[in-house]
Every structure is written in structure tokens, then in C-alpha cells.
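Worksheet: one structure, shown below.
We call the chains A, B, C and D, going by the order they appear; numbering starts again at 1 in every chain.
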Amino acid sequence: MIKASIIGASGYVGVELIRLLLRHPEVEIVSIISSSSNQLSIDKTNPQFKKVSNLVFEEFKIEAIQEADVVFCALPHGISQEYVKIGYDIGKVVIDLSADFRYKDLQRYAKDYSQHKYPELLSKSAYGLCEINREEIKNAQIIGNPGCYPTSAILGLAPLLKNKLVDKNSIIIDSKSGVSGAGKKFDFAYSFCELDENFKAYSVTKHRHTSEIEEKCSFLFGEDLNLSFTPHLLPVKRGILSTIYANLIKKIDKNDLVEIYNEFYKDEYFIRIFEDELPELKYVRGTNFVDIGFEVDKKTNRVIIISCIDNLIKGAAGQAIQNMNIKFSLDEKMGLIMVGEYF
Amino acid sequence: MIKASIIGASGYVGVELIRLLLRHPEVEIVSIISSSSNQLSIDKTNPQFKKVSNLVFEEFKIEAIQEADVVFCALPHGISQEYVKIGYDIGKVVIDLSADFRYKDLQRYAKDYSQHKYPELLSKSAYGLCEINREEIKNAQIIGNPGCYPTSAILGLAPLLKNKLVDKNSIIIDSKSGVSGAGKKFDFAYSFCELDENFKAYSVTKHRHTSEIEEKCSFLFGEDLNLSFTPHLLPVKRGILSTIYANLIKKIDKNDLVEIYNEFYKDEYFIRIFEDELPELKYVRGTNFVDIGFEVDKKTNRVIIISCIDNLIKGAAGQAIQNMNIKFSLDEKMGLIMVGEYF
Amino acid sequence: MIKASIIGASGYVGVELIRLLLRHPEVEIVSIISSSSNQLSIDKTNPQFKKVSNLVFEEFKIEAIQEADVVFCALPHGISQEYVKIGYDIGKVVIDLSADFRYKDLQRYAKDYSQHKYPELLSKSAYGLCEINREEIKNAQIIGNPGCYPTSAILGLAPLLKNKLVDKNSIIIDSKSGVSGAGKKFDFAYSFCELDENFKAYSVTKHRHTSEIEEKCSFLFGEDLNLSFTPHLLPVKRGILSTIYANLIKKIDKNDLVEIYNEFYKDEYFIRIFEDELPELKYVRGTNFVDIGFEVDKKTNRVIIISCIDNLIKGAAGQAIQNMNIKFSLDEKMGLIMVGEYF
Amino acid sequence: MIKASIIGASGYVGVELIRLLLRHPEVEIVSIISSSSNQLSIDKTNPQFKKVSNLVFEEFKIEAIQEADVVFCALPHGISQEYVKIGYDIGKVVIDLSADFRYKDLQRYAKDYSQHKYPELLSKSAYGLCEINREEIKNAQIIGNPGCYPTSAILGLAPLLKNKLVDKNSIIIDSKSGVSGAGKKFDFAYSFCELDENFKAYSVTKHRHTSEIEEKCSFLFGEDLNLSFTPHLLPVKRGILSTIYANLIKKIDKNDLVEIYNEFYKDEYFIRIFEDELPELKYVRGTNFVDIGFEVDKKTNRVIIISCIDNLIKGAAGQAIQNMNIKFSLDEKMGLIMVGEYF
């Protein structure tokens, strides 16, 4: 059994990690750490856990993670790196769900977040986008779990980028996310009356996930590229659907794309290529799947890609567990085979 | 491994049965039967199953269920009894999710549904409300899985009825259900624009579940009783919350009730008694739990009980599997331990 | 033109008052008062007003209401009475939307809210339930606008109470409200992820509107009565549907009730009696109507009444304007004739 | 008073027309025509109209529109042109809400819809996008009311196209619509359980509104252009938000754009330019406004435009009335000044 600790365990992502780890056959949770819920039992703070778990939140102390094989950090960026450092120093595998270990380029990170305090740790870390970076993940002690938007966008684009099939300056990612992506917010803007029956774009041209997507897409393409990314807020709780546009640099039809995507992802359980119809949010809800479909607009020779994930699972807790499975040489699917609740 | 067939497998309840049985460690699905989806693979008709199952729907033939140990019938009442009879005659355990095997009193059934064609089979059947009727279930070849509203109402009332603590003529059940309770409807009244941001009562004084609830509550109380039941339609997909009112026949406070309910359900994993706060729909969503809480209104000496279930799980597919577990002497919780997705 | 000031103008009810008063042909808004939005223009704080109004919020000063004929107070109880007193003292008609002027019995108010500071003003005030209390409203300088739940409950029950047709100890009011009823809340419990697809009861046996409903129902019945009131939170933005139960003291059928209600409300434009079908939330959304329907449960001789309102209009801002129309001898419907948006 | 008839009056758009015309001070509705609701009173079929209107639906006969000055046709394309022809032939002003009179190019229409039966009538018709085509509308006897998506897209792009500021081959329109845009559908795909908490793209590269948008944008730009248009289905009832991308052909910053848009729309009441923040669906719900905001992505020199409308009002019934106002030389805003209900 792998022993796991979760720091920042009472937020939406932390609780989702607990929910998923409880059903993992090879994991034992040894501590759940949250200063705000310190001493409270999870079946009190989150009654959905009644009869299933009575784990008790505790404050962070080094002893709380001493027993763990793997430490999950579900903390805000900036703060997270402090705990990653502590875990790293005592030899733990650390899977960080903040932005702190997602970048190779410190300047990109500094520009969009803040000065990194432990740049030396970055070289020990891998970007945890499992399908793209599996080998690096196996060898790293720190894994920077990707952002939710970047997961949907990069996996949707990877086969095209790797095969250099698109004009690198033409990429537009129009993403729509459920509200849980904002985390457990005590903010009027996230209140029911402000969001139900509403829809809006936000942080247009300014969202921090843009630089993460650009860095990784540039690696895949082999050249630096810039792209446009526009996030929107859907009146749903879970899920991201990204509609991605790119100009094809040669005539390719939909059948060619099906073949290219099927080949690129042929060994990937969690990638589902939709050949006939298009993916919808409800098919991935509650799962670790990435559903990808596409059309070619012949008039403009543009490809339109639809890429869907559950932001809390493949976009956060599920991918973190997939990374753990990779790192600890378990079956990558373990604990993560789920059919969406659909409704 | 227990071999299972599902007849009527393409409706909302049928698909939920498939989803849940796929994660049951001791069950193998041998056939999924649906005339409307005949020959189609479930990952085509319901893309949420992609990569998890490629079971193919088939038309009903006796051979299709020959191999099964247990047959689940998720068909409309009236039609269902025909298939139950066939399954019964060839010696299968049959778990029927229609109303056809829920009643002891044929006249109640005839009045609210239609003349029963196989009354002799009723004596071979048990009402599948697991927590109340476990011994009978073990010994029956046919199990009539309870209605969704009755499950929430009867389990909420049972400790009071059994202990004769309430005025038998004072019971009022005000229930609110998610839309999936209506099944897979091709009906304008269930369209998004007609239901979203809406709320309504329906079938007031006329809903068929009333007689089912009355029959079972009368058994528990030991005398015939009449009650009022009012269903409402919530703009949510899953879940039933019943608010139940009854006049107490002696002074009892909330602490007494907590004790009575805890004692009554002390061995029941799926019943969760809320002592401090009150249950909410989101805590049971996606689970087989029944969450029960209550308050005593001292001025009127009335008890108010809140009882929540997921209508598709404890109210249908989950309870059917719980019945199967009972009947086949498996751990009753097998395949049914779940923390709700919450959001 | 009647000149109106609104104190507490930036909350949900205040903004709704502004929206409705702007379309009233005989009203001119002379000041909108809000300390939190002081100096801001409403088309900045609430962009839905762009191009329609650029009224500017100001802080409270006596001069700000000096010009007004009528002052609406949309402030929290306790605080509100201070401003009502000021308005009263300088001779303004004051319509108060808090609980401060709803009670005749100071002890009820003190028990559920706090000690009233200006009991002498209560005798100058009328309870502003227009259809029941029109004459008193005409003669009062202060009008205590009813609570949203009480409006739906009392108007649903009035014909039965006035005609003494029900057992006074048998009344149960099971109400379901949209989220805007909680006001403009900066509270995690009202965030989208906590409420969407959820449903819950709250303040069971303890909600403060119980005593308001009891006082007014007792007046109508002519004897003191106690009742049970259970509020629930619907995942919709606007609207209250109350399902009301009472034991009839003689055999009455639905047709009799239709006649009684039609007679009782024969001159009331805003009351719509549903004879055939039942009211639904969507029919009243965005209007000042009260939709009432009913069934008689013959087995138990119980009446079940469905009463629907828009909590922000008939339950708050609309009824306040209706009170103003009454007080200033305008056509009671003026500015309030609306067909619901439906969707 | 202008006398109006509505053909196809029982669909979502027809009912919205009735709702809005009832509040228009210079309009009298003389007939509402619907074969499916023939002889029924609108307060029976649509109870939200109780106490406000008891207009009775009738079957189409020439006499039913004889008295009208203006005939609104809210029928499916293909069928609609038959009724437009009848109305035209007896000299009525006809405002058609189908696609039948939106195109100048008959081949575009034929390709996406069907062969037009009355091409000679097209030359008598004007495209009813009020802000762009006011003069033509004044002089036409037939007005082809624009599609909902085209209204949001074209008005969002017009200032850029007219000023030739964008690369004509770079335009991408990513639109998200509420469900009422699909009309009153009796289709399983539009049922609550299939759409709530879901989100999807549909008709990607194939939606018929593409050719309407292209034709009108080409006129504005002065050259033929092709663009990509992707519609999506939001789990809300009303509203369209279009996110529009285009490459700028010279360096322009956001302030320049504000100036260009303010200048272009300086006399347009229904266009609201958002200079600081971005528009959201909730600000336009229930109104005839078009809310437009934008950002410039400096890295890619791309403009991102957000354009919001209420699909049933500015996208259908409201714009039809605005066209009527123009045609009959009324104040263009008459009957259409509304603040959105917001929630």
C-alpha cells in the first residue's frame, strides 16, 4: 500500500483527492492537512463522507507527512512551494497541484505569478501531463500537476503540433469552464444568483494559464509560439469544454485527422477520440477521460477541435493520482476507471 | 461471479444499473436487452461508456437470459410482469423495478395501475425495501423493487410507525424529486425550457405512489392508515427530498428521536441519521444512502422529518443491487460504497 | 408625479424597486441611498441599467429624502426602524420592507427579532398585505411590507380562515424559495457550487416568518392559532411556491373551494385562481401576481393549496409599489401589469 | 394604433411577440394565428397571460389578417414564404422571422435551405438588422428579420468591417446560445436531463447561420469573405454570447477600438459599448440591447469581441418590433425600453 498525505485537504480539489484516493485499492491515506478544518472529522465538515470515512483534518507538522510515501499539495501557488520544499527535503514524492512546478521557464512563471523561491527544485520536477510527459514523470521527485485549462487545450492540440500540421500563429483556444474551477470561493461574484442562467468571458487576454499553454505547445511544436486563450464561466459545477481553432498548413480532411489522433493516442486509455459525433461535457463528468472530437472547415482550411475534461478530475485530482500511479509503477488506470454519472 | 441480465436496459434506470453493475466485483453482465437499441453498442448509444464497456444491446429472446442467475426488469408496469413471469418460469431470480410486484393487496394495485395478470406470482415475491424486509427478500424468487418516493418516505417514517409514536391520520409527505425520476421522456413538459428555473407540484392527491406508501406504512404501524402525499418537480437531475409531517402522540423531544432512529437503524449501513444539522440533496447524490434528519415543533407537537435519497440509486438501480446482494448472500454493501460527487 | 426615495437601494430588493419604479408612469425617483455604493452610478454598479438610468447612489442625509413624497426602506430589520422614524418625523409616507413594522404584537417581534425601539410608531403603521388590509394601508403613514413567505402563505389561506373552514391546529406550510430571497449574500453557503443541483430545508421549526404568519392568520381566523412552517431553498433565482395543508372541518369539494376563492378575491387583480390545472413558479416569475390552486384529498378531508409568487416582486418590491399606489390613490395596478418572462 | 397579426403565434417566438406587443403603447393585436392552438385562449395555453390577455388563437384565413397593418410571421422557413406572399399580395407590411427573406443571394439560400419560390419578392424585402440597414427597412414592404446568431455576430463586427481593420480571412465566431433558441421542441435532445449541467458544440462547420453572417459581413467589408462559426448550447434558457476573434491589420489598442465603436454606434440606443468591464449574459436578458465589449491581444495583434443579446428579443421578437417601429415611423425604442430582470 502506498501511503498518502494531502496538504490543503479541505478545498474543492483536496476533498476530491480524498474521495478518489478512498476508492484506490493500493492507497492508504495517512493524513489530511488543513489549518482551517483542523481537528474536525471529514464526515462533519463534508457530510457526503458520513459512513465512508472519518478521517480527521490536522494542522501541518512535519510529523504529519513523515509516514507518507507521496504528498499531494493542493494549496495556492506561492504558498505551495514552501511545503513542496519540506516534502522534497525529507525525501517524499511530492505532487503539487498549484502552478509552482508547472513551468520550465522561470521568467514566464515570475511574470504571471511571482518570483520562484526554489528554482533549484524546478530541475527536479516534471510537468505532470501524463500522456505527453510520462518518462520524465517516472524520474522526477516533484511533479507539477497541470492546470485544468492547459490539460484540455494541450491534449487537444498535441497531435497537430507534434506533426507540425498547423500554422503556429493561428491557434485560438476558446474555453468554457464550470464554476468549481474557481475553487471554494467566499466571493459574491460566485454566488448562485450571480451565475445561474448567466454566462461570461473573463480575464480575456490576461489569464495566467495562457503562458502555461504556450510553453508546453511550443515544446511540442519545436518552436516558440503565441496563441490566444479566452476562458468563460459556464453555469455548471464541473467540466471544461475547449473549442480550439487552428489553420491547417496543408489540405487535410477529417478522416486524416481521425487517423492522426488515433495513432498519436493509440496507447492512451484516458483519451477518447470521437470519430462520428462530438464530445459533450456530460460524457466526461465524474471521470478522468479526455474526450476529443473535431471537424475541418474546408472553406477556410481551419480545424476545429473540441476537447472536454472534468476540471476536478483529469484537470486536477484525477491526473494527480494518475501521476502517482505512473511514479509508483502501478497500473496507470488504477482507481480511475469510472463511467460518468451523466446526470 | 453472479451472471446478470437487464431487460429494458436503455432507459435511465437500465443504464444506471449497467453503470453500477460494471463496478460490482462479483457480477458479470451477460446480456443487456432493449428493443429500441437492439444491435447497438452501449458506447455508441451512451458515449459516457466509451473505453469502459462495449456491451451490445439485444432483443429479448429466452436465450438472452438463459445464462443469467439474476434478471433485472426495468420496464414499464404492466409490460414488466410478462417478462418477470418468463424469468420466474425458467427459475431465475427476478428483480423487478416496475410497480408490478410492490403490492400485497391486489385491489390497491388494480385501482392505481391495472388488473394483475399473475396474482399467483405475487405470493412468491417480496417487497424489496431492504432495511425493512430483509428476511422476506432472502426467501423470495421475485423481488418487487420499491418506488423512489416510497423508499424515501417509508424509511423516513418507519421508526415512528413501528413504535406507534404518531397519530396515524396525521401523516403528510411533501416530496420533491429531480427530473430523472420521470424516466427518459420524449415529452415537451420535460424539456429544458419548461423546467429550468421552474418548480411545481403535480398529481396532487392522485399520485400512484400514495397507495404503495399507505400499504407499507399500514403494515409497519399495524393498522390501516391514510396519508397525504404531494410530489413536486425540482429543476435538478437527481435526488428526492421528502419533508414528512406527523403529529406525535406524546411529548418527545429531538434527542429522544435521535435515539429511537439510531436504535432502529443501528445495523443499517445505508441509513445515515443526521443528529445536528439536516440532510441536503447534494450529500446523497450518486450514492445508495438514505439521509434522515428531523426536528420537533414543540408548539404543535409535530415531528418534521427530512429524508433524502438519490432516486436513481437507492430509489431504483442501487436498491435493486442491494436486493441482489441480499438474495445471493453477498456483503450487502458490495459494489455500493460510494461518496457522492457533491458537485 | 410622486417623488420617491429608496434607502438601502443597492441590495437585491433595492435594485428591484428601482427597476420597477423606473417603469411606473406616475413616479419620479429623487434619490437612491446606499452607503456601500455611495457616489457610484447605477449603470456602473449594475450594468443592466446602462442606457436606461444613470441615477447615482448617495449616502443618507436628511436632505436626500426631503424632496420625496414616499420613502422606501430596504434595510435589515433593527436598522430600518431608525430610518423609518426619521422619515416619519418629517412627515413622509414610509414603506418599510424589513420586519420592523409587520407585527401588531410587540412580544412576538421581540422574541423573534429584538426589542422594538419605537413601539409608538407601530400604532401609526399598517401591515401592507394589500388584498387583506387595504383600508388600514390607506390611513397609515407607515406601511410594514410583508415578508415573502408570509405573502404566499397568508393569501393562500385567507379565504379558508375567514370562512372558518379549517381546523385551526392542522395548518402546515411547506414553502420552497428561490435563492434571491436570501438577499445579496457574501456567504459561502450561497455560492453556486453549493446550491446548484441541490435542495434543502433550513431553519426548520425556527424560521422567523412563522410568527408573522401566525399573527396574521390568527387575525383572519378570529382566534389564536399555531402552525408549522418549513422553508426550503430551491436552485432557482426567483420565486416562492408554498404547498399548504389543512384539515377541512366539513365535507367540501374542489368546486366549492373554487367558488369560495373566486368570491373572496373577486375584485383582486393580482390574485389568479387556477381552477383546472395547478400554478407553477414560471407563470409568476417577473410579475406581481399571486397564483393559487388547490385539490381536496377526499380520503383525509384535507385541502392542499398551492400558492406561488415572485419573491422579489409580490414578495417585496412589487407589493411595496402596490402599497404606494393604494396610499396615493393611484390605480392599484399602475406600473405593475406584467406578463412573466416565462423563460 | 397600428394593428398587428401574428402567424405562428404559439411557438416560443410567437408568444414572446405577443408578450412584447401587449406592452407597446401604439399597437393593437388583432389576431393571433396558430393551427395547433386554434380556438384556445392564450391564458389557457400559456397561463402566464392570465388576467393580462385573453386573446384567442385562430386558424389562418385571409380574413384573419385583413384588418392588420403589419403581419408578423413566426413560422418555419419554407412554409413562411407562402404566408409572406399572401400578406404581401394584399398590401400588408410583413415582418418575417424565418430565414426566407434574409438573403440577397438566392444561391446561398438555396444551398443552405431550399429553392426559394418567390424570388421576385426578395427584391421587395430588406434585411431587418436595424442598426445597419435602417433606410432599406423604411422602404421595404417585406422585412426579413435576422437570425439570432447573425444579429450578435454582425453587430459585434460591423465597426471593424466597415473600417477595414481586420484581415478578412481571420474571422472566427464562437457563439454560445440558450436553449430557447432551438424553439419549442418536442425532442429528447432538448429534455432537461440531457441539457442541464451539460454543454456542447453542435453543427460545427455546418450551421446555416454561417452563410447569413458571411453574406452580411461581406457587404460591410466590401469584399467577399469566409469565416468560421461554431454554435454551442448553454444550459440557460435565454441569451447568446458570441466571442469573436479577428486579426487586426494594423496596431490598434483598446482605446482606439472604444472610440471606433462609440463613433460607429453613436446614435444607436440599443447598442451598449462596455469600455471597462466585459458584458455578461445577465445584463441583456429580457431586453432588446446588444452589449459589446472587447480586448486586444497584443502578442498576436488579435481583437477579441464579446457580443451579447437576448436571443428571443433582439435576436427575434424585439428586433421585429424595432423593425415595425422603423417602418411605421414610430420612435424606434417604443415598447422596447426594458431593464433586464437580471435574476
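A few remarks follow.
The definition used in the following text is that contacts are C-beta pairs under 8 Å (C-beta built on N, C-alpha and C of every residue); 3 or more make two chains touch, one makes a residue touch a chain.
Nothing here was measured: the structure is a model prediction, and the numbers come from that model.
Seen from the Cα centre of chain B, the chain whose own Cα centre is farthest off is D.
Taking A-D and A-C together, the pair of chains sharing more C-beta contacts is A-D. Centroids built from CA atoms put chain D at 37 Å from chain C.
Per-chain CA centroids place chain A at a distance of 39 Å from chain D.
If you average the CA atoms of chain A and of chain C, the two centres end up 46 Å from each other.
The set of chain B residues touching two or more other chains comprises 12, 180, 193-194, 196-197, 235-238, 279-280, 282, 343. Within the complex, the chain D residues that touch chain B are 12, 179-180, 184-188, 190-197, 235-237.
Of all residues in chain A, only 169, 172, 174, 176, 193-194, 196-202, 204-206, 226-228, 230, 232, 234-239, 241, 243, 245, 278-282, 285, 295-300, 302, 304, 306, 343 touch chain D in the complex they form. Contacts from chain B toward chain A in the complex involve residues 12, 15, 19, 22, 46-53, 180, 196-197, 237-238, 269-270, 272, 274, 277, 279-280, 282-284, 286-287, 289, 291, 337-343.
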